[in-house]
Amino acid sequence: MLNRLSTYFYLRPRVVLALLLLPPLLWFLVVYIGSLITMLINSFFYLDGFTGKVIHEFTLATYAKLLDPTNLQIFRRTTLMAACVTVACVVIAFPLAYFMARFASPRMRTLLYLAVTLPLWSSYVVRVYSWKLILAQEGIISWFSRLIHIDWLLDLYLKLPGIGGPSLSVSATGIFLVFVYIWLPYMIIPIQTALERVPKSLLEASSDLGASPSQTFRTVLLPLAFPGVIAGSIFTFSLTLGDFIVPQLFGNSSYYIGKAVLVYQGTAGNIPLAAAFTMGPIVIMVVYLLIARRLGAFDAL
Amino acid sequence: MSDDKAIEFRNVSRTFPVKQDNLIGEVKAVDNVSLEIHNGEFFSLLGPSGSGKTTSLRMIAGFDRPTSGQILLYGQDVSNLPPYERDVNTVFQDYALFPHMTVGENVGYGLMIKKIARSEREKRVDEMLDLVQLLGFSGRKPAQLSGGQRQRVALARALINHPKVLLLDEPLGALDLKLRQQMQIELKAIQKRVGITFIFVTHDQEEALTMSDRIAVFNQGRIEQIGSPAEIYEHPLTQFVAGFVGVSNLISGDTARRITGSDVQFSIRPEKIHLDAMDGRPDPETFSAEGKVRDVIYLGLYTRYLVDLNGGGDLVVVEQNLKTTSMDVMKAKGQNVRLSWKKEHASYLGG
Amino acid sequence: MPSKIPAQPSGERASWGLKLGAFGAILFLHIPMWLIFLYAFTTDESAYTFPPPGLTLKWIPQAIANTAMQDALFLTIRVAALATAAALVLGTLAAAAVYRHDFFGKEAISFMLILPLALPGIVTGIAMRSAISLMHIPFTFWTIVIGHATFCVVVVYNNVLARFRRSSNSMIEASMDLGANSFQTFWNIVLPNIGTALLAGAILAFSLSFDEVIVTTFTAGNQQTLPIWIFSQMLKPRNRPITNVTAMLVVLITALPILFAQRITAGHSDSEGGSK
């Protein structure tokens, strides 16, 4: 009878806990943690260049390959891109987050919040796709620059080495723009949350003590928004490091970490190298988190 | 006879593990408590927060189980029965109404679980709502009710099963003073009508004194004293009870020896003390002390005097303003006075 | 206002510069989505010409009739449905364990569950690819589902746990007190109270799975989910008009349920806040 079973469980809360916890715990330990461990194991194997087969023997040779100049260049390029994207996201996100937290009416704030989160949840691929339309040679940006007669400026910009290319759609600038667009909501929300937590009385106290608005902004508001900026930057930084869709679609032939991983595991069949490569963003993120903690970004959280 | 005992605690203890500074220790929420509650009583568990009264209640309900000892419900050991197998119902402090159900569904929940037919259920729900004066509210949702109304729904929901014992966990705490006083009277009346044993947890001594047949005063997991409101108030057995229930003068040491001739600590209620001029002689049937009025506080219904005793110590005295006005009482300030009280009004405190 | 409070920090109202910045950011986030809708109707077949040379409705029936797109769509829906179902069970169990019990390592549970979503998708992807390769697991429908379920658990978990924490603690006790055993309490009290949280969590999990490309790339083998199909169309455009229409359909399929999910969770907290 159900009553008896229920009583059995009621008197044994530890059994209930075990039954509740076992399925999710088992799933995560086997599927997720297990996979991470196989990734680690794989990164110590190597690919036999002649047979194209993965040799299951312990070696550090695969990690040594990461130090090739070309691979180091990939890490440098990706980290630089992630840093630029993060800075741009902060610059664009801050005014909106500040406006939402300080000036918007509750109703307006709800609307803006929805406007920020909706892109976050809607299709990633489609949002990337939309920039294929925008950045195309015959697309809206070219049209607009012709409209206001600055197409010569655009052409000049595209001729710049490193950031230019045949069209915006095939350039580092293109990659940069798409990344900023895709990850921007991840920056807006943490900053907004951090700013919202600053009590109004604190700002009033500051101006009471004779600080000008701009001084208040610089000395009170910015430091308090800092944890939000760091939290947001963790997202933008880490997501940029690991993405392969955008560089695949918008870049020229230069590799980024994600794209390299994809190519190594796919066409090359070199899963050990791909696994070792993936340790790159993990290590970079750990270092990043340590620096952030050193700067006191988590104290206020 | 055992039938007379609704609830019996036999050496009940409940300890909780606590973690502090990475040390795992234990805290004794209820410490070796023995207690009998009679059939049909209105019984209060009174004490400050953390004194063990709520844990005791939760053990009677079955939400918690004793670490050691036994709890008996009408002679049956229920220590290890789940809540749904005890003939006991609870009115919760936050009412715990089910937000997704109407008032009628809330009240009828116990009957629905017992698979009572709908028509019978509705009839009894209406009877209960009538009892708590909420007839016609059956279709509303809890969110549409006031605090007092939710309280009544919680009461009706707990009473509909005709439990052997009804537990009330500070049910009036969230109400404002006026409503609280009204509900105190009403609860007492409902208890008389349904004739069920009520066990009432409160930290409000006035509430306990107003409503209870008997009171158990809890402190630090133990019971300090059990008795009728009059016994508890007139003859507190411990310093804690004297201080927690009502206002008391506590006298000990030299001052006590000067007054009673022994240094056993005793308490005396301010309203039992007479305030006289220094003329005349002290009545041998009374204890008396002399002093000087330091302060007079006029409070309308009564006046409170603060008297410094000659030779040290002070006493609070309260007198009703039966014939006096504020003008009269204020004159007392600075006067030498004699304080006296009947010997039987002093309570000698152990411990 | 008759008298203004002096020295309001940074002024009572937002400066024009700030408003412009805020408004600009919103436009930046949303204009690209509008373009998706515009291009679904362009007559231009071979390029992304702006402004469109003409508008037409003819691509919509063609896109819907496209079998490659249909196959991808149905695969995606089946994957998302199963991943959501698994996430619902696992997420709810984990939330109940964390809410009702105290145990060693409780804080680590939330951390572990969010990891697949917080770490770059490529980490989860390549980790699963490693496991598949090391264990010689064939790429199947199920490898996709398992990968998706893993990162969907946390959205269900978060939603359900938040609802548990907002509900009155003593409701479960009240139900048992009134004679209901654990199963009756779950059915009559717990389930109705977490119902909308489950629904919202399910919607979010579904759309998360519906959109996913990165992990899927590593767990799908040759199978094409809809996002992967769109991705391949972007790499080698074969049929631009069909892709344009599909992109619009995907936006509609994912955005509308999300708005709905926001509504049901927001509505709940409103009514709860109002009653307190």
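A, B and C are the chain letters, set down in written order, and residue numbers restart from 1 in every chain.
In this section, a residue touches a chain if its C-beta (ideal position, glycine included) is under 8 Å from a C-beta of that chain, and two chains touch if they have at least 3 such contacts.
These numbers come from a predicted model, not from an experiment.
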*Can you tell me the least number of steps between subunit A and subunit B, where a step is a move to a chain it touches?*
1
*If you tally contacting C-beta pairs, which pair wins, B-C or A-C?*
A-C
*Length of the line joining the C-alpha centres of subunit A and subunit B, rounded to whole Å*: 59
_Inter-chain centre distance, subunit B versus subunit C - centres from mean C-alpha coordinates, in Å_ = 53
*Averaged over CA atoms, how far is the centre of subunit A from the centre of subunit C? Could you give it in whole Å?*
17
*For subunit C, what residues touch not just one other chain but two or more?*
181, 184
*Numbers and ranges of subunit B residues touching at least 2 other chains*: 82, 84
*Do you know which subunit A residues sit against two or more other chains?*
3, 6-7, 10
*asked:* Considering only the defined contacts, which subunit B positions touch subunit A in the complex?
replied: 65, 80-82, 84-85
*Going by the contact rule at the top, pick out the subunit C residues touching subunit B in the complex.*
167-171, 173-181, 184, 188-189, 192-193, 271-272, 274-275
*Of all residues in subunit A, those that touch subunit C in their complex*: 2-3, 5-7, 9-10, 13, 16-17, 20-21, 23-25, 27-28, 31-36, 38-39, 41-42, 54, 92-96, 98-100, 102-103, 110, 112, 114-119, 121-134, 136, 138-140, 142-143, 181, 184-185, 188, 203-204, 206-208, 213, 216-217, 238-239, 241-245, 248-249, 257-258, 261-262, 265, 271, 274-275, 278, 281-282, 285
*Please name which positions on subunit B make contact with subunit C in the complex.*
61-63, 82-84, 88-90, 92-94, 96-100, 109-110, 113-114, 142-143, 157-158, 161
*Which positions of subunit A touch subunit B when the two form their complex?*
3, 6-7, 10-11
